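The letters A, B, C and D name the chains in turn, as written, and every chain counts its residues from 1.
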Amino acid sequence: METLHSEEMILNIGPQHPSTHGVFRLVVTIDGEQIVAADPVVGYLHRGTEKLAESLQYTQIIPYTDRLDYVAAMLNNYALVHTVEYAMDLEIPERAEYLRVIVMELNRVASHLLFVGAYLLDLGAMSPFLYVFQEREMIVQLFNEICGARLTYNYMRVGGVKWDAPPGWLAKVRDFLPHMREKLKMYDALISGNEIFLSRVRGMGVITQEEAVAYSLSGINLRSTGLRFDLRKKRPYGIYDKFAFDVVVGQNGDCFDRYWCHFLEMEQSLNIVEQALESIPDGPVLGKVPKLIRIPAGEYYTSIEGARGELGVYIVSDGKDKPYRMKLRRPSFVNLQILSKLLIGQNMANMIAILGAVDIVLGEVDA
Amino acid sequence: MMLFGFPITGETVAFFMLALIIITSGVFLMTLRNVMHMALALGGVFLGVAGIFVILGADFVGVVQVMIYAGAITILMVFSLMLTHSGNKAEEGPEVGAVRGIATFVGVAIVVGAILLVIRHTSWPVSPTAMQPYHQSTVLLIADALFHTYTIQFELVSAILTTALVGAVIIARKEEQ
Amino acid sequence: MFGILKGLGVTFGQLTKKKVTLQYPEVKPVWPERFRGIHEFIPELCIVCNQCARICPTSCISLSGSRDANKKMRIDTYDINFEICILCDLCVEVCPTEAIRMTDQFELAAYSREEFYKDMHWLYDNHKEHGTYHALQEAKEQAAKEQAAKEQAAKEAGAKEQAGREPVAASEAATGGET
Amino acid sequence: MFSWQTQPLTGLNFIGMVIGAVVVLAILLLVVMYLIFFLRKVVAWMQNRIGPNRVGPWGLFQSMADVLKLLLKEDIVPAKADRALFLVAPIIAFVPAFTVLAVIPYTAGHIFTAGLNIGVLFYIALSSITILGIVLGGWASNNKYSLVGGLRSAAQMISYEIPLGMSVLGVVMLAGSLNLTTIVQQQATDRFGWYIIPQIIGFVVFMIAAVAELNQTPFDLPEAESELVAGYFTEYTGFRFAFYMLTEFVYLFAISALATTLFLGGWLGPWLPSWLWFAIKTSAVIFFMFWLRATMPRLRVDKLMGFAWKVLIPVALFNILLTGLLSLLV
């Protein structure tokens, strides 16, 4: 007997779609509601940052990095200036390093908050999104006070930071920490125990450790599989070796672990901020830097633990004040590779759950 | 007032309107090319028939007709059409010749005439007007018939249906493997 | 089931909480001092050194100047194209005379592209409403007056006591940051 | 009190009946409009927002402005849509929604509501017609999102119609009638009080199935905006879109009213007038649904059917059995 079969159809998810988190297009072939093939199409937000950088001085590149992963711009700032400092072998004032760590970890919290909210929005719960934005708003306001912008911070400079913390700012951060911890508990109560939520994310989109390594995943996508790999511990940069914190790892590598790692990592970040606030010294915030920043000819690569994974900057210099070539290792872009594999055999509704958990930011994917 | 030998009451007006709905839907059902439209027309026929049931005082049967035929069956058909059929393509049937058309018409006329004749010549046990449809619960009557008069038959039918259901599930399972 | 109930409790608890919405057009946000809004430009201070135009990552600043009778450079035109300006603050950072500064003006929406080309006069007018230039000037004058008054007082005090002791400088206000 | 049910159907009474029905319809439209407002306010408050507050005092005219806007918008029919079905589908969905309201007893006097002997069945039967409108709308749009939305809603609503009907059976067995007015009256004299107490299992099943029938969160898969944009009415604009929206909210009201009637004693209650009791109870049920909406994420689509067939229907059957046993023993 001939079996009843339904036709395959091609469905364009995006580039304008509520749950692709930006201009991301996913061409999925579905059979009924089941996905047979998924083909991500990127580049709708491509601005040629890497090419633009070739005609810009290093200081001028910093505002451009704000626009890569616009959810965690402080970390992008740092990734660039860190590479330049590493290439120039600069001495960074202690206070500047501490300020950098504070803003970076706060930014990581803000970014993870956004992930939690947006992810729940993808799964159909509207309230968490609006709740997390209140706390994110607090962080953003703190950034607004320290650097005058809410999203595109342009705060770091080669050799330090642009501004010292304004009076009372550090106290505000200190007050924010217990508040944030309190709110994390509330989110936990709201989301983590909800059986409907759990049934949607448990065992969904499982990445094995071998796969994660083979696809060169990084960040939470990698750690959720149980691999204890965090650049802040593995290859401490800046002053991260001074702080005590745990690397959060998952067990199963499913969507729930990815969500949960985001959750726990926020707490760790708060711990780091707390320690940094305790021991921040006085002093200048900008070291001795030549007026025109020139990198000695050569190739340089350093990477940091961004909010989404290994965020690396590779600079080829010919000794001039502009990079000869710059390449950014954007974690979102690399992590996106595994999506096509994860989606096959899933149905449409799970596609959203999996896509959301991979946690991409389109500014970073397309650069 | 009389019309075609019927007194004009709310009931007759409703009857003629429902009859119109049923006939129109029926004609649409036969003539439309798009399967989806045909399914909708079928729903119209079911609804009209339900209305007739209600007029006859069988409101329970009428509502059940809506629930099962107009609701479930039609939707099931639409559903399966959506899943399997590309739908939009109107299938061109063979051209109907003049001779065939006339033959069809004559055939239909004969059948309709025969049915009418039979209906007019049957002596129905109860005249419809004597039933006082709205003042007694048909649900009770039906329940009484099902659970007192015809209990064994009713249970037998349920047993057969259950068997059929289980059988269907088992057959479907086998195909899966 | 228990988790769902817990979640329901959380949302119910929010019913009576304070609402966070800012009634925007009526209530404007209060920006911190460092907020990077649309520029203000003070032509008197500009020395036409061109540094801002050079540092601008998007090349959105164009300016021209000429020498006046005293052989001093004077600004003639100063345009910022806000279609491409990213408000990165680098121009303010390099300006040696603080002729260009950021204001708390953030409302840039306009009906046509032409309106995004802001010239010197617009930027100057912007400072009147949103800028800090006048406030700073007043604060400076105020500080100078206070300083003068203090010196006067110190002088008088010194004259009275006729001792070489130094007056206590009110330096608390000047120290920023914290320990 | 005047009740047209007991009067002969003369010409004058007929006109009175029509006018009465129109008045009831107008009131209901107003109620539904403010239901949307209520939803937006409740959800906003739960999310620490203010909600609509611009049109009129406290934003009271917001829904009116929205409806007006929808009515004034262009009625766009996509070029590749099945024109006839596309135009007629919202009406198919919309008409039964208002028809079911005819059987709900709002007050003790129940003016202008039909005291149908089979009120419960009437409700369930007619609400299944709406599904047809939704499915056809999804199909006729010739849009893939709409199609998937339509398919999902057909599967979901048919599946949940069964536990919904079964959960009502317990109440029907206790009351011994399918007439909604009789069911309310029975609850006044029942020794357990309102049927929510002896029928608590039935009530829970009813509420879950009702939420699923309404496509409300967490069962809002047919219109899951993060997956299907807007589901079956993605392509609809203007007043046809308004029809779908209205259908949804009328059903929200209707099913809450039905829950009130069946389980919460309808208009029964001391001191206050009966219609007010009815309004209070219905509002409470509606509030609960909005509360769910503000809290829950969406259910997983492949677990949806299983939940209806493997959990809800057995539980509902068990409830029927239990009710039968109890009414025999007690």
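Assume contacts are C-beta pairs under 8 Å (C-beta built on N, C-alpha and C of every residue); 3 or more make two chains touch, one makes a residue touch a chain.
Computed from a prediction, not measured in an experiment: that's the story for all the values here.
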Chain of greatest Cα-centre distance to subunit C: B
Higher-contact pair (C-beta pairs counted), C-D versus B-D: B-D
Separation of mean Cα positions, subunit D and subunit C [Å, integer]: 57
Chain centre separation (subunit A, subunit B; CA means) in Å: 62
Approximate Å spacing (C-alpha centroids) for the pair subunit B, subunit C: 79
Centre-to-centre distance between subunit D and subunit B (centres being mean Cα positions), rounded to whole Å: 27
Of all residues in subunit B, the ones touching two or more other chains: 83
In subunit C, residues with contacts to at least two other chains: 4, 7, 10-11, 14, 20
Interface hub residues of subunit A, defined as touching at least two other chains: 127, 131, 134, 190, 194, 196-197
Touching residues on subunit A, where the partner in the complex is subunit D: 9, 11, 17-19, 33, 120-127, 130-131, 134, 190, 194, 196-197, 199-200, 347-353
Partner subunit C, residues of subunit A touching it in the complex: 56-57, 59-64, 66-67, 127, 131, 134, 137, 141, 144-149, 152, 154, 162-168, 170-171, 186, 189-198, 282
Residue ranges of subunit C touching subunit A (in the complex, touch as defined): 1-4, 6-7, 9-11, 14, 20, 31-36, 55-57, 86-90, 93, 102, 176-179
Partner subunit A, residues of subunit D touching it in the complex: 43, 46-49, 144-145, 148, 151, 217-218, 220-221, 224-229, 293-303
Residues of subunit C touching subunit D in the complex: 4, 7-8, 10-12, 14-15, 17-21, 23
